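Which chain is which? They are A, B, C and D, in the order written, and residues in each are numbered from 1.
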Amino acid sequence: MKTLGVGLIGTGYMGKCHALAWNAVKAVFGDVARPRLVHLAEIDAQLAAARATEFGFEKATADWRALIADPDVDVVSVTTPNQFHPEMAIAALEAGKHVWCEKPMAPAYADAERMLAAARASGRVAALGYNYIQNPVMRHIRTLLDEGAIGAVNHIRVEMDEDFMADPEAFFYWKSEGTSGYGALDDFAVHPLSLLWYLFGHVEAVIADMTKPYLDRPLQHGGRRAVENHDAASVLVRLSGGISAVLMANRAAWGRKGRITLQIFGSKGSILYDQERMNEFELYQADGRATEQGFRKVLAAPAHRPYDRFIPAPGHGLGFNDLKIIECHELIRAISGEPASIVTFEDGLRIEKSVHAMAESFHQRRWIEIG
Amino acid sequence: MKTLGVGLIGTGYMGKCHALAWNAVKAVFGDVARPRLVHLAEIDAQLAAARATEFGFEKATADWRALIADPDVDVVSVTTPNQFHPEMAIAALEAGKHVWCEKPMAPAYADAERMLAAARASGRVAALGYNYIQNPVMRHIRTLLDEGAIGAVNHIRVEMDEDFMADPEAFFYWKSEGTSGYGALDDFAVHPLSLLWYLFGHVEAVIADMTKPYLDRPLQHGGRRAVENHDAASVLVRLSGGISAVLMANRAAWGRKGRITLQIFGSKGSILYDQERMNEFELYQADGRATEQGFRKVLAAPAHRPYDRFIPAPGHGLGFNDLKIIECHELIRAISGEPASIVTFEDGLRIEKSVHAMAESFHQRRWIEIG
Amino acid sequence: MKTLGVGLIGTGYMGKCHALAWNAVKAVFGDVARPRLVHLAEIDAQLAAARATEFGFEKATADWRALIADPDVDVVSVTTPNQFHPEMAIAALEAGKHVWCEKPMAPAYADAERMLAAARASGRVAALGYNYIQNPVMRHIRTLLDEGAIGAVNHIRVEMDEDFMADPEAFFYWKSEGTSGYGALDDFAVHPLSLLWYLFGHVEAVIADMTKPYLDRPLQHGGRRAVENHDAASVLVRLSGGISAVLMANRAAWGRKGRITLQIFGSKGSILYDQERMNEFELYQADGRATEQGFRKVLAAPAHRPYDRFIPAPGHGLGFNDLKIIECHELIRAISGEPASIVTFEDGLRIEKSVHAMAESFHQRRWIEIG
Amino acid sequence: MKTLGVGLIGTGYMGKCHALAWNAVKAVFGDVARPRLVHLAEIDAQLAAARATEFGFEKATADWRALIADPDVDVVSVTTPNQFHPEMAIAALEAGKHVWCEKPMAPAYADAERMLAAARASGRVAALGYNYIQNPVMRHIRTLLDEGAIGAVNHIRVEMDEDFMADPEAFFYWKSEGTSGYGALDDFAVHPLSLLWYLFGHVEAVIADMTKPYLDRPLQHGGRRAVENHDAASVLVRLSGGISAVLMANRAAWGRKGRITLQIFGSKGSILYDQERMNEFELYQADGRATEQGFRKVLAAPAHRPYDRFIPAPGHGLGFNDLKIIECHELIRAISGEPASIVTFEDGLRIEKSVHAMAESFHQRRWIEIG
């Protein structure tokens, strides 16, 4: 494979995370070509130039279309705010670039559908940034499930909680606007949904409850403004095969910082996971003497691939940014035509479809089946 | 107050627990009269005699009606299987006895209503065995909520899980019969409901999903029999004031032994609790520097009344049976006309009403409002 | 066996704990005679009478010698401050009573030796209150060690920490006087030593370091007084067979309330225990795939005898006071001539000998071998 | 500052870790010049070439002296086995290069002294790889100690345990040879010693016990060979100011993978840390009501600098390799003449001096004072 030319649009939270991954992927994995960091776009030319220097990109621009038009760019990282994803991703695909777009695809389902159509038409790789599925621990959980280590799964609970909306006196900002989306559901319930999808396949039916912990918030220059979406959502879910699940998301959960928990119950055992301790999982297997049965806390280790590409010793711990390096590696493999574990636009659309169904089920106060 | 004459019907799991409480309550608390253990009833005369000797009761009988007719008996502990509760409790109340009946009141709601009517007619104390609310830790959680330690509560999650139905090849027995009840819901979701009631008041609206992890079970003499109720239930709940909650119960949850967890989210902090570690709770308060904010794990201590009546040193730990001693003490106080924290038949009926509403919401696949 | 007549001297912390055990042991275990609570002694006649009523004793006295002279008393619980143990225990043994004396035996080693001599001369059961070894979890740890579940043990760490001496501005009181003992070492390091003895046998060589976190403390009426003993002690230990251990005790350890931890390392695995979570232990066994190896957290369950005598369901939890009930049951078995797990005065003397050796090793700044 | 030319000798465990850090440091921190990856040395030319491609180095060599002679190289990462450190580090310093050498300095103390002499003579930055002190959590613990958050520290316990030597039937290899060092003491007790040094300063007196869990090990081609050093070591320690500490290290501790725990007790509170959960620490402060006192578990967050340079959201987690990036950043600052937190050869020599004193105290069975 020839050198892969990289373009990066956006350099905020996830933009920097992409940049770190592009810088590290060759040194970590060795088995792919070193990407060439070609072009970086930011909203402001000066900022773009500064970031290009920091992140090691050759060119900088305030015009993302110039980046997409750059013939040296083969793949584009789209890490801008969600509303810009459709336009940028579609333009990049139409220009024949591969696309690595941060989740979610788009606030509007129709836009997400257009993105998928563009991806299909392009024949390029179109992947979404759902890095939690790349955790070696999560991969191993899937292996355990596939092997039947806990038998047939019959019930799942998944929670995602943070507290960045927990302060009732924090100023109103765009995350509380209705145009930004439903709130907790699409702001981050898509993450646990990506885990459900990765481990168990798609959601078939849902009914959701959603609440506003705070009805209004102060404005910076006085007065208060009504909150327009819901910071907490809880959903009864049916997966294929009649498996029941409960999905809970709360971005106003004081004390929770990056919590995504899984409780998976099967006919022979159970598995537990908590993203705040992402280098561990717990496994209960119902065998042996009753006097020694218990949840086994397993620490991430080289035997959980590809942890070994980062550290040869067990229990030393990967970090959040390392997951993006693994995702980057999978993306490169996909671009090279090798088998890879990525969330395609097709997968992503299905995830977002279930989010919209959840919101609908709340407003209609009834179960919604997803076709 | 004169000596309280005690009758005990049933000597199984909870029967023994009552017996231990009646034996210990005076020595632990000191401020009540020592109960006189008068009469014990079991299904078999020989067993009754043996247990009376063990538990320190004066008389034994295989005829529970004889116990109820005993003029030396002032209060009757009813700890038999659920279907016998109505007949025994009503007979005892009608005989002018106080009643301490294990939860739930009755499999059929109409029977529970008759029990309440009998209690009202009798003017006696009619209390239910909901010992988890008696934990000094739980009492302190209520104090914290009342004091506003975590501000206004806006979201709650409560889980109750055990694994006694988790083995798919365990023989079919009465707990899987439809006549025994809905399954997880009334078998033990009443416990977390008692906590919700104790801390937050009553449930106003519900929608439940229920599942059968295993469709059938082997019979002891060959063949298999279809399971008739649901081992797992998940419920979206609205409490008064629009607070949202999620209630999850699973008696087929491998690895869970006596788990009842609470996650309580408020405008100023959060509280966590897990019954498997009943001598602890966690408190997050959103104040002070960001660099030191975190969940504080508090160990049960004498300052959490009435822990001090058991042990003068912190962190030494109460046990499950100690909660029943506290409940017994509250019952004696109620009988003596003093302020007491018990779950009356009135409270219990409301708890059971919400259980029936949950089952109805599942069958009708819609939200049910509770009057 | 005829009814066992019980005398109780002292009704403070451990006195009440004994009283609760004597009240409960028959109802819990069933297989022993119900003790007759005959005589209770306290320093003040009025207090004695009040406590006798509370705890269910027939007679009360301010003269403990009267209690020992009572022909209806067969066994005497000695729960007074440590300096009174020798006189009372020896008098009781000389009067032909069995003795159940709280640890430690005596501040002075010579007094402890006299107690042992009296026990030997009497032919009676002379047991010490070391209830932590009675935990069903601890018993099971011994079973696992005996079975070789973790292979040959080669290293042990044991910690005991509380914080009742942690406040530097708490008033000086008798626990800081040199006459009360060495400080942390004999005040509570005897507890972890009882666990080492129970699980591994006797200590053979020691070298200790001891420190005074605070050199003086305020007096209630002004001024300060120098602290005379050591609140923290750390000891390098050799057990028989060359096994190395580290014993650490600190009664000024902020945040520790009733912590006693064990870390036991063997050739095939490890075992962990923490008294603050006394209904759990952790077991690591080096077998199976590397991808699932981890510490298994096992919850106390009926299969861990005699937990089943208290509660038929796993994971529901015993309390600190329940351990004393088990100890009481073992004592009654010993008195009845049945095999029993108690700490005799002989065992206790050996434990205290090692404490004195530790103190000596600190003062001499060298290893001390224990004969 | 001009571009920094980097040479890397060794590409194993820590070699790769250095390479990842050199690749990432500019993108993470932004405020330093992007290093130029000039020259890489490995024992074999082909391997050197392959690794140079992977890690992004311009030149590769099998002759480390060529690398040191390279005028484009300004700083040399020395990550070879310990016995090669003195020769390479001294040669690099003599050639006017800055040196970043992995710990420990050298198996022999005299060699370490020569390294320090070379560093002093060179006037270059000579830093050791002690990355655990770079954890934002550890930095914050130091801040808390400096601020007096837990008052005056009086007692410390530190443990370092892994299980790579725990299998008694693993083949004998060089780590069990006496020439490799004392065993647990210098193999990894230097890490916890670096934490003690970082937080509290230097060790003043020690007495150690050391044990061989297994006396011999199988050889690959049959027979067994005696183990020549000690896999477990426990040390009583006195720090300056009379603070007592206990240091425990065990490389045969089944189930421990990367455990380094700290327990720090002060006059106003306590701090706990465990490297296996490196994104957390626990803080107990003895203030407020007794009913809410407890250990607060704090998750790493942007407010713990420089976590914010990696991730803008709290609780998302850094990894082991990220610590090396922070160390790399500090090194570059030191080279640039800015204030930096590194472990110099001077600091490292003092750490190693205390290790040698520990070994001596074991062999002489007495306390050793360190000048």
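Following the convention adopted for this analysis, a contact is a pair of C-beta atoms (placed from the backbone, for glycine too) under 8 Å apart; a residue touches a chain by one contact, two chains touch by 3 or more.
Note that the structure is predicted; figures quoted are calculated from it, not measured.
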{"item": "Pair joined by more contacting C-beta pairs (B-D or A-D)", "value": "A-D"}
{"item": "Furthest chain, CA centroid comparison against subunit C", "value": "A"}
{"item": "Rounded Å distance, subunit C centre to subunit D centre (Cα mean)", "value": "41"}
{"item": "Centroid distance [mean C-alpha coordinates] between subunit D and subunit B, Å", "value": "53"}
{"item": "Computed distance of Cα centres, subunit D from subunit A, in Å", "value": "34"}
{"item": "Junction residues of subunit A - those touching two or more other chains", "value": "256, 293-295, 299, 301, 314"}
{"item": "Complex contact set, residues of subunit C against subunit A", "value": "140, 143-144, 149, 282-283, 289-299, 301, 303-304, 314"}
{"item": "List of subunit C residues in touch with subunit B within their complex", "value": "12-13, 16-17, 19-20, 23-24, 26-28, 30, 34, 50, 53-56, 162, 164, 256-259, 276-279, 299, 301, 310-322"}
{"item": "Contact footprint of subunit C on subunit D as seen in their complex", "value": "150-151, 154-155, 157, 159, 163, 166-168, 207-209, 211, 213-214, 232, 234, 236, 238, 242, 244, 246, 248, 250, 252-256, 263, 265-270, 284, 286, 293-295, 365-367"}
